[in-house]
Amino acid sequence: MPLVQVTLIEGYSETARVRMSERITRALRATIAAPLDGTIVAINELSPSSWMRGGKSFRSPGPELPEAAQLVRDFLEAMQSRDLARAQGFLAEDFVMEFPGAKRMTRLAELIDWARPRYRAIAKNYERFDECYTDDATIVYCHGTLQGEWPDGTAFSGIRFIDRFTVRAGRLADQSVWNDLAQSRAS
Amino acid sequence: MPLVQVTLIEGYSETARVRMSERITRALRATIAAPLDGTIVAINELSPSSWMRGGKSFRSPGPELPEAAQLVRDFLEAMQSRDLARAQGFLAEDFVMEFPGAKRMTRLAELIDWARPRYRAIAKNYERFDECYTDDATIVYCHGTLQGEWPDGTAFSGIRFIDRFTVRAGRLADQSVWNDLAQSRAS
Amino acid sequence: MPLVQVTLIEGYSETARVRMSERITRALRATIAAPLDGTIVAINELSPSSWMRGGKSFRSPGPELPEAAQLVRDFLEAMQSRDLARAQGFLAEDFVMEFPGAKRMTRLAELIDWARPRYRAIAKNYERFDECYTDDATIVYCHGTLQGEWPDGTAFSGIRFIDRFTVRAGRLADQSVWNDLAQSRAS
Amino acid sequence: MPLVQVTLIEGYSETARVRMSERITRALRATIAAPLDGTIVAINELSPSSWMRGGKSFRSPGPELPEAAQLVRDFLEAMQSRDLARAQGFLAEDFVMEFPGAKRMTRLAELIDWARPRYRAIAKNYERFDECYTDDATIVYCHGTLQGEWPDGTAFSGIRFIDRFTVRAGRLADQSVWNDLAQSRAS
Amino acid sequence: MPLVQVTLIEGYSETARVRMSERITRALRATIAAPLDGTIVAINELSPSSWMRGGKSFRSPGPELPEAAQLVRDFLEAMQSRDLARAQGFLAEDFVMEFPGAKRMTRLAELIDWARPRYRAIAKNYERFDECYTDDATIVYCHGTLQGEWPDGTAFSGIRFIDRFTVRAGRLADQSVWNDLAQSRAS
Amino acid sequence: MPLVQVTLIEGYSETARVRMSERITRALRATIAAPLDGTIVAINELSPSSWMRGGKSFRSPGPELPEAAQLVRDFLEAMQSRDLARAQGFLAEDFVMEFPGAKRMTRLAELIDWARPRYRAIAKNYERFDECYTDDATIVYCHGTLQGEWPDGTAFSGIRFIDRFTVRAGRLADQSVWNDLAQSRAS
């Protein structure tokens, strides 16, 4: 207990079915204190012509969605290696960024310009990614520490950061960043 | 499509059943691009003696869990009104806090002492709460802006913050805070 | 085989559940040659808060519909006893009637006037009622024989008739009548 | 709501599964006022050795039945083109016909003879076919207008007709006809 | 895995539902090597008007059957205390008994007479009862040891026995007995 | 009624599915007086990646178990033909045997030695095998009559016997034997 039985149109990958089962397991166990080993998810697959809603047979099932945390990870990696073209490919049309002390930016080049006087190099050590599922988007949080070099070439590390992304329809819609860079420079 | 049928021991509140259905709906739609109005969750309730696992009848279903975001909200409200006794009631035994530029703190009184020279008054305007369900805890994020008074009495507002909480077994296990206070003081 | 499991919001009457089961049984056995005693319908009832579609909990289930054949029977009885007020109560706003050799009529009084020179009295002996379920209406057919008196007072009986009604949202939307009255008068 | 889950032995065609789903959808919505887009039919298919009733494994599922309205349409077309051999193939052994003003006929040749003095040519324009599913037969109704030539060669058209057929085990068991031919001749 | 979902007409006692679940669990695990704690039985209860087979609503569910092993135990206890009237109440009309070296007996009084010269007193120590479910009866086996007194008053004990009973429709249809009494007397 | 729906990982043989269905049918009908032809078992098969318990996808389903009564039959046949090597293959490591008047034996050779002075030849005519499913073993009973030759060469037949075996994990764990040999020799 509880038992969850999902009916799907056939054809979803093993990855999608396992991921779905894990997420449902967690959603349930965040709501009621169900023992893990008594929580069961079973997926039943039907052919499209075996499913009718509203008097209409099913035509084609919605595609599997990429894992939002992985999208974010790939974007951040492209940014870190300054592969702006690749990074751009992850972004929604109306993507906006919010960084500490900066006005809202919409283009990656803006960000690069803005960062230049602030640090000469930067890299992220991730402690954890979290995904939060909402009605129309997945929110991805990642936090950890920054390491790099100040404009004068001295090194820094262990500076706390957190990023928040809205992933909608497989694209990043926004990025918000908080970190202790100012705190560290000040001290 | 998809159709989710949940079997539960009878007795869960309407709130729990609706919450569970919403969370499952979101978990599914974060995994496959299912149309919202074709996503169905039906909950079937059984009496305890109608469920057997491992040759044993069910005895008592796990309790409903409080909404983690609400716990966090209540804790933050108690802190803001400096009701430390009430705030303490939300905390796990081994609760730890991490604030920008501070060493890790474990007692609320420590935090009050640490904050005193930093600002005379502070309040949070919440933009949004997010919940992430993991295998053994719910992570709650909330972000928005801070307003208050610096030690010299001048007012501040609109300073970005984000808090991250781990909620486990109905208690807050940790709090991590990031904000632009240092950035603002510096500018 | 086949087995049909229906999930409904709780609260439908025994009559509705039995009628639904019978109709599903017949719909199935008109499609595949399933043995009657192997055709099973089981109805599972859920509380409204245990059903979610499109992220919304169920509010109120659609009402039970009256049996269309009974509506027709009641209307015909009211007409036969010339209780036009009662008969009118069964009709949709845009009700139309089609009788052999008549222009389309919309008011019951028109029909009475039209019938007066054709027969002095008339009554229907029903052989059978049939209901056909369509996407937005139930079609009711009834056939049998007419008996009554010609304008000159001579009696007639055994004259074949068939009526066809469209029942939509609990009202009669139209009536079409065919019979052998002209044939009988001619012979 | 409502949700219908059908369990069938595997092997039925897509046509049969879709037709079954449509008919069940209509049967339900004729009984309770369920919204069309919330009415779901899902078909689960099992292998014959995965179904046991009465302690006996399933052997062979009942065949799909032809669409009764199509059978009637094909029969009427054969009659209209005077292909009596083909028309005869649709009839049950004990087929009977009932026409306005005629004694009951059992052979198609009888009908041809009976019709000869009544009209020189005739064709049906169908307005609609309706199917009504009963415990042991499907009743098919079709109505529309007749056009053709009277014995004297003058043309007629727009004369209302309705036919009623009982289809049992894939054969036509009877035909009853009503029309306004006598009415038209009289006027 | 495996998951078993039983649909019953509502009204069976908790005892019956638990017993049914246990027996199904054992039947499954005698067929496939399923882990005990992954074997689940869930019972769903429907109102009688929510179940239709063969076009007929359910009327009254079959009664719960007594536990066959308990019936046997009660019968043997009545016999041991020579309460023949009570013992007789457990027997089917055509009850027959088979004892080592005896002709088939049908009346309890016969057995008492037959036993008299064989032992003066006898009692059974049960080691175990087993139930085997067949299509139309439950077979109950019990074995253990006999103790008592030989006709000459000397005591005996530890003599192996096994009894086999056919329980049909809540009555004992036959009893077969094997034991080592002759072996013991011989040695 | 009742309806049993079993969900299994796909891949079990037709034999296993049919056997499981029969055993569940019997287990149910030993608990409630359900009509045989209204007792239904349907087995639904899922792919391993469509089943999750305790947050873990299914890896490999437990194997099908041999039919315990057949194992016993094969063992007894090997013993009767004195194929001790083959017979030994059916036995668990800690197999023990209990025969009338004998001390407990653990090796087949012991039994052969013990039997030699008791009868020169022996064969079993089986009347019936019964299987009883318990939490961790299947108990097999078989009874019937013995025929053979006494040590002096005279024939015997029709001597009642019953054997009881515990079958665990596909091996015979013990055998207990009762019969009327001593009774017959005595008389």
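Should a chain be cited, it is by its letter among A, B, C, D, E and F, assigned in written order, with residues numbered from 1 in that chain.
We adopt the following convention: a contact is a pair of C-beta atoms (placed from the backbone, for glycine too) under 8 Å apart; a residue touches a chain by one contact, two chains touch by 3 or more.
Remember, predicted model here, so these are calculated numbers, not experimental data.
Chains that count as touching both subunit A and subunit D, per the definition above, are B, F.
Farthest from subunit C, judged by the mean position of CA atoms in each chain, is F.
In this entry, B-E is the pair from A-E, B-E or B-D that repeats the interface of A-D, since more than half of their contact pairs coincide by residue number.
Two chain pairs, A-F and E-F, are weighed by contacting C-beta pairs, with E-F ahead. Measuring from the averaged C-alpha position of subunit C to that of subunit F gives a distance of 62 Å. Rounded to whole angstrom, the centroid-to-centroid distance between subunit B and subunit C, based on C-alpha atoms, equals 57 Å.
Shared interface positions of subunit C, defined as residues touching 2 or more other chains, are 3, 7, 26, 36-38, 40, 42, 44, 51, 53, 55, 135. Annotation, chain-chain contacts: A-B, A-D, A-E, A-F, B-C, B-D, B-E, C-D, C-E, C-F, D-F, E-F (touch as defined at the top).
Put simply, subunit D touches subunit A in their complex at residues 14, 17-18, 21-22, 25-26, 36-45.
Note for the complex: subunit A touches subunit B at residues 1-9, 12, 16, 19-20, 23-24, 26-36, 38, 51, 53, 58, 61-65, 68, 98, 100-101, 130-135, 138-139, 141, 143, 160-162, 164, 176, 178-187.
Subunit C makes touch with subunit F in their complex at residues 3, 37, 40, 42. Within the complex formed with subunit A, the residues of subunit F that make contact are 7, 44, 46-47, 49-55, 57.
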